[in-house]
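Shared chain: subunit A. Partners: subunit B in the first complex, subunit C in the second.
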Partner chain A sequence: MSKFNVLEHEIVPEHHLVPVDEEMSVLKKLNIARDNLPKISINDPAIKALEEIHGKLEPGRIIKIIRKSPTAGYYEYYRVVVKSVI
Partner chain B sequence: MNFNNVSKRIEKIKFALLSPDEIRKMSQVRVITPDTYDDDGYPIERGLMDLHMGVIEPGLKCATCGGKVDECPGHFGHIELAMPVVHIGFIKEIKTMLDSSCKACGRVKLTDDEVNTYRKTINNMNFESDDPEIIDLSLKKITEIAVQRTICPHCSAESPKVILDKPTTFREGGIKITPKEIRERLERIPDNDLLFFGLNMSAARPEWMILTALPVPPIDVRPSITLETGERSEDDLTHKLVDIIRISQRLRESRDNGSPQLIIEDLWDLLQYHTTTYFDNQTAGIPPARHRSGRALKTLVQRLKGKEGRFRANLSGKRVNFSSRSVISPEPFLSMNEVGIPEIAARELTVPVLVNSFNVDKMKEWIKRGSTPRTPAGKYLAGINYLIRPDGRRIKITDQNAEINSDRVDIGWTVERQMTEGDIVLFNRQPSLHRMSMMAHTVRVLPGLTFRFNLSDCTPYNADFDGDEMNLHVIQSEESRAEARIIMKVQEQILSPRFGGPIIGAIHDHITSLFLLTHNNPLYTEGETLHIISYIDVNKLPEPEIKDNKKYYHGRDIFSLILPEGLNAKFKSHLCSGSRGKCEYEDTIEDSYVVINNGKLIHGTIDDESVGPFSGVIVDKIFRKFGPEAASKFVDNVTRLAVGFLSYRGFSTGIKDYDIPKDAISRIEEISNETLEKINKLVDAFRSGQLQQLPGRSIEDTLEVEILSETGSVRDESGKIASSYLGLNDPSVIMARSGARAKMLNIAEVAGMVGQQSVRGGRLNRGYANRTLSHFKENDLSAYARGFIKSSYRSGLNPTEYFFHSIGGREGLVDIAVRTSRSGYMQRRLINAFEDLKVDDERRVQDTVGSMVQFKYGEDGIDPTRSDEGETVDVDYVAYDEFGDEK
Partner chain C sequence: MKSLLWKDTKANIKKIAENAPCYYGIDYVPEGKVSSGYITADKTNFEFEVKISSVEEFKKSDEIVLKKKTGLKSIIKIESIRKLDKIPISDFKLSENINEIKTFAEGERFIVKYREKDELTLSPDQKEIIDDAVSRGFDIPVSLANKLIKYKKSLSDDKYEKLLKRVDLELKKREIDPYEAVGIIAAQSIGEPGTQMTMRTFHFAGVVEMNVTLGLPRLIEIVDARRIPSTPSMVIYLTEKYKHDEDRVRELIKNLENTTIIDVADIITDVGEMNLTVKLDKLKSNDRLVTLTDVISALEKIKGIIYNQVDDERILIKLQQESFKKLYQVQEQLKITPIKGVNKINRAIARLDPKENAWIIYTQGSNLKDVLNMEGVDATRTYTNDIIEVENVLGVEAARNAIYREAENTLSEQGLNVDKRHLMLVSDMMTFSGAVRAVGRQGISGRKSSVLARAAFEITSKHLLKAGLLGEIDPLAGVAENIIVGQPVTLGTGAIDLVYKGNKK
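Up next is the complex of A and B:
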């Protein structure tokens, strides 16, 4: 099976890893606790693809996602990596 | 809300299993007699209505606590079951435990290593705060390992597979395991292994899931009712308990005097059936227990579950006081912010007024008037129904005691005053599908028995007057009254959050009327003008046009009287659609381009596009530029002006609207014959295999598509012919073109041709074998045999056409019936999912826990209500409004 990078697919929105030292400022900007961010599973294909670049990601890291929005043009939001259940 | 005198606060709730010992301990009486009352109507001792379990009759005292009817909270009793039975609510748990524990030693079938590792993972879980779904899943994964294992790793005994024979029978290798045996097996499971099943060993033992003693709920939970005839009728639960005791007794007797095993087993099964249905009378696999009348009994689960259950009917939804319901009818002379209330309702509904130093004298005066005061002329005046003393006691005001109570009332009392003009109330029509289904109105007390309101409010409520009823709620607190006035009043709801445009506007005749008033700018004499203007609230006349020394006024100028000064707009009217002209400003033939400059209608026809709901450009612009007050005033004036003008001018419609000349009829006949010919040719081509197949379609589909397009175009063609003879002096056409009611298509159907009927988007083809009706030959694909109607409604349909038309019509009805129920359920689920989401000051959407749903509401932070039909702002209009037509 040939491997490909899901992040390069046109309908997958941009995923960026937020550097650890910027996490606090992001949370402060959003005025929110880390637990209250939307979640993304560590097994998510997009996270797997990010791990190819950044190495193993720990639960708790913050991912910035930029996706197309019918109302706002581009919408920027954040997810926190969580360990998977199943 | 007063938080200071909270007597008890719930800190935590613990869920556990009731042990038989506990059941006996909390029981006040062991019930042994399946009877309730003796011949004198006195509760039988140790019966199901034993006085130890509480009292429901006044005069008697509880044998446990000595309390009277309202004082005794009720106490539990219990039944000792002759033989143990399975509790239907724990079937699943019992199954897993039987499956995953060893038959012989009772240990969980996990190796010591597994036990050690899984014990650690389970100890790491927090049963109080972790997601219960996740806990369930992880536990299931562990027990699944034990289930798969047939040989016990501890004692090497073999456990055959246990099969659950629904609903309550367990079998092992085809042989039934009795509840007694199940209980013995569960008893063998050591405390230490319980945590693998998610049980807390300090709170539960698995054998408690098999019932040996059954709690009998207090009498207050299952009160008996006395009918007018003096007959006693027992609660369904009591009936069920009678059954249980009766069978339990028979089972005990049979067992003790050594009856055959078969009889004992039958009785045991019956006891199992009765206890099962006592908990849940809708258990799959067994017939529900029925009342003598054939009605299924409402037992414990049925009390809680579903729409009529405790949660949805009594906890999530409650009945309210200070509300009323009546038939609705129209009243164009009320403002859209008002509602007309019948006197009889106004006298019953009250507003609480706290007596203070400012109003005490006035209140004394009001109380003196009694409960049904009127002016000397007989007009309604608000009376007083009740006084509430500071200690909470209520005093009903009658004409006799009004005088005395008027003197007694003092600061700190509350006076319940009847409705009066100007009070604010909530008005609602179900189904409440959007927020405009419940709006605040101010009260007008009117003669008659119906609720009345302005016709422009029909659209948001989706109301008509063919017998619709609506609910009205009187607001009881000062804070909610303020809220209602500021955010719930009708005028605040003119713009709909659904599409960012007005949902309130003129309808039907009002649109027709304004169309007639403004189309091609007719002239009216001074007398006519004054009559028309007398309906609206203005104190000036437009500029007259002098002709032969007489004053004449233009229709547009009359309409302009109700436009606020400073309003600018430029748009195509509804008349424009279907117009043959270009619809530009220069196009004067149809007068369809509306131009409003500084509150003066300069050009164009006012119709649905200007003032109607859903479009209403003028209403929209007024609301945005001048606010809700001005918009509501405009709509009020529109209704009055429209009613005034139309009742002066007169307007009527009839079958003669659809009269078209003979040669038009014959031309329609001609083209319909041509189409039939074409269709026959298509069918012939299809049969001889010469039909050109369309890409992506079968040859049969191709034929259908071709025929459908033929029938479609002939209907349009005949419609065009018919409407070419029907102009804007034809009332039906006026209604259609102005957007008041119906479409040009409907007129074409009446005057021209009804056309092809369809079911599920295709021609009719169902009914008899290979034909629609027995009037046709099998496999007849011609137009007439497949639901084509060449007649018009005006000429009348022949019998087969009529039948086909009914088939097509029914599809519409079925669609509506299916759609409403399905969308209702969808709506319920959406509401449950969204009910606790909240938009905060920073426009973030969060749930009550604080989890972020959207970082910005709608991702752009735009309130769709204030948006311009979904767009953030209409820059072109703002520029036009500011600078006019400068290029």
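Up next is the complex of A and C:
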């Protein structure tokens, strides 16, 4: 059967791909340039899992992460896909 | 769940997309229950995914979109259609063995489940509370809305307004000011309790070999992002079938523990006769449930030896080509020959957890990737304390959560109360770049953009020399560099530039 899906693990928060036409509104809301967002590698296991849903992802796409916070309930966090991380 | 796969013309796909949700008449009867469909236009790559809610027998009606004009057999209700980046036919497990779709086929896609963000949607009650608060001019966080529901019902409107006012006040008090130096506050808040931590390690009751580093050494390990922690260990949760069954758990442990020949047997080298004897230690082998047959099957993998079973606990090993060098090599190789188990996991014990009322396996040594793929392991909860391993297997967001969880556990184990937000800030900073980076010269501080700030931290001359050679520019935006040049730092009131407009004449 299919291999183990990392997105199902309890320690991995929900990852969602932001549609291209919504990217500008996200950047506007955060008042930030795309390069200043936190990064996530294109080789990250969670991105690999997302690629199985959406097909190949290009660097520069924005990922919305819905984190569970011990103090603030749920909140959204954004990361931008990059080719390589330092 | 099976999916329906079919080939269709572009005109038909366009028709579906325009009319969805709609009924679609097809000349095929699906055998099993189908909930989704994939449409291909070129026989091998699927470009569209549809959600199918029901399959019915064909009846004539005007509202149905037809695939063909004649020979229709059933109707499927298409709820929605979406375009995919082309997925190849190899992504499907087909019921028939074919490599292109001519008409229809049924198959299962190797798919990952997509969790919907259902937790985030508000209940009507919560929405009412928040809308009400907004209309009164208060900004109430979602997490509080739940608690306010019962007060809204029991209190009078006047009193409820007072309550909201008080809640808002308390929230405002706890808000951090813009340009507050949160990093310094976090560093001091974690650093001060750190001085009170003990240097002890924690032992599992009764099992001497098993201990876990705790206290200050562990905290240093976490923020240093060590490649291998000093005591890697895992907590393995089991699936429903396994977790109440002691025999199955014992079997699983047997398959988990990495056992080499030296663990269960003595290796005696006879230089005069040029042979080796493997003597099984009854006590050790019974403990690890290893028999002589297991040892013999492990020996099969070693090349260039002839082995014979002498009696029920000894195996005599001779060399095919006799030489002292080879004898020594074989002896060394025998020591590390694995008999069974998962690599890197040295010891595993099971404990009956009173909270879960089920067996949980604790291990010494960690190998998340292999363990998650084992049968009987609950792959959604199984956890390791090796943060780098979590990053490699589950991703950077999981590593961020792991850093937080480990640091929080380490501190609370010692009875120290550090605000969660400080630890969250540290873990966010450590994973900002997409990989786990240490706090310190190798990590966060070593990669600051400002030359002066890096030089002020460690290895001053190296940074200044390099900056001089490369002609780096320092915009003086941070704290350390502004202190060096004697300006107000860019924090608090210093972050704001004041402009004075004099009286215009």
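Quick notes on this structure:
Assume the second predicted complex is superposed on the first by the 82 of 86 C-alpha atoms of A that agree within 3 Å, B and C clash if a C-alpha of one lies under 4 Å from a C-alpha of the other, contacts with A are read in each partner's own complex, and residues count from 1 in each chain.
Convention: contacts are C-beta pairs under 8 Å (C-beta built on N, C-alpha and C of every residue); 3 or more make two chains touch, one makes a residue touch a chain.
For clarity, every value in this text was computed on a predicted model and none was experimentally measured.
By the touch criterion defined above, A:Ala72 reaches both subunit B and subunit C. Using the contact criterion defined above for the overlaid structures, shared-chain residue A:Ala33 touches subunit B, although it does not reach subunit C. By the touch criterion stated above, A:Val82 is placed in contact with subunit C alone, subunit B being left untouched. Once the two complexes are laid over each other on the shared chain, residue contacts for A:Ser41 go to subunit C alone; subunit B is not touched.
Between subunit B and subunit C, C contacts the larger number of subunit A residues. In the superposed pair of complexes, A:Asn5 makes contact with subunit C only, with no contact to subunit B. Subunit A residues in contact with subunit B (one complex) as well as with subunit C (other complex) are 38, 69, 71-72, 85-86.
Every residue of subunit A that touches subunit C in the complex is listed here, in rising order: 1-16, 38-41, 44-47, 49, 52-56, 65-74, 79, 82, 85-86. The part of subunit B that touches subunit A in the complex is made up of residues 134, 137-138, 842, 846, 849-856, 858-860, 862.
Across the complex, subunit A is touched by residues 84-87, 110-115, 117, 119-120, 141-143, 372-373, 379-381, 383, 390, 392-398, 401-402, 405, 420-421, 424, 428, 431-435, 447 of subunit C.
Every residue of subunit A that touches subunit B in the complex is listed here, in rising order: 30-33, 35-38, 69, 71-72, 75-78, 85-86.
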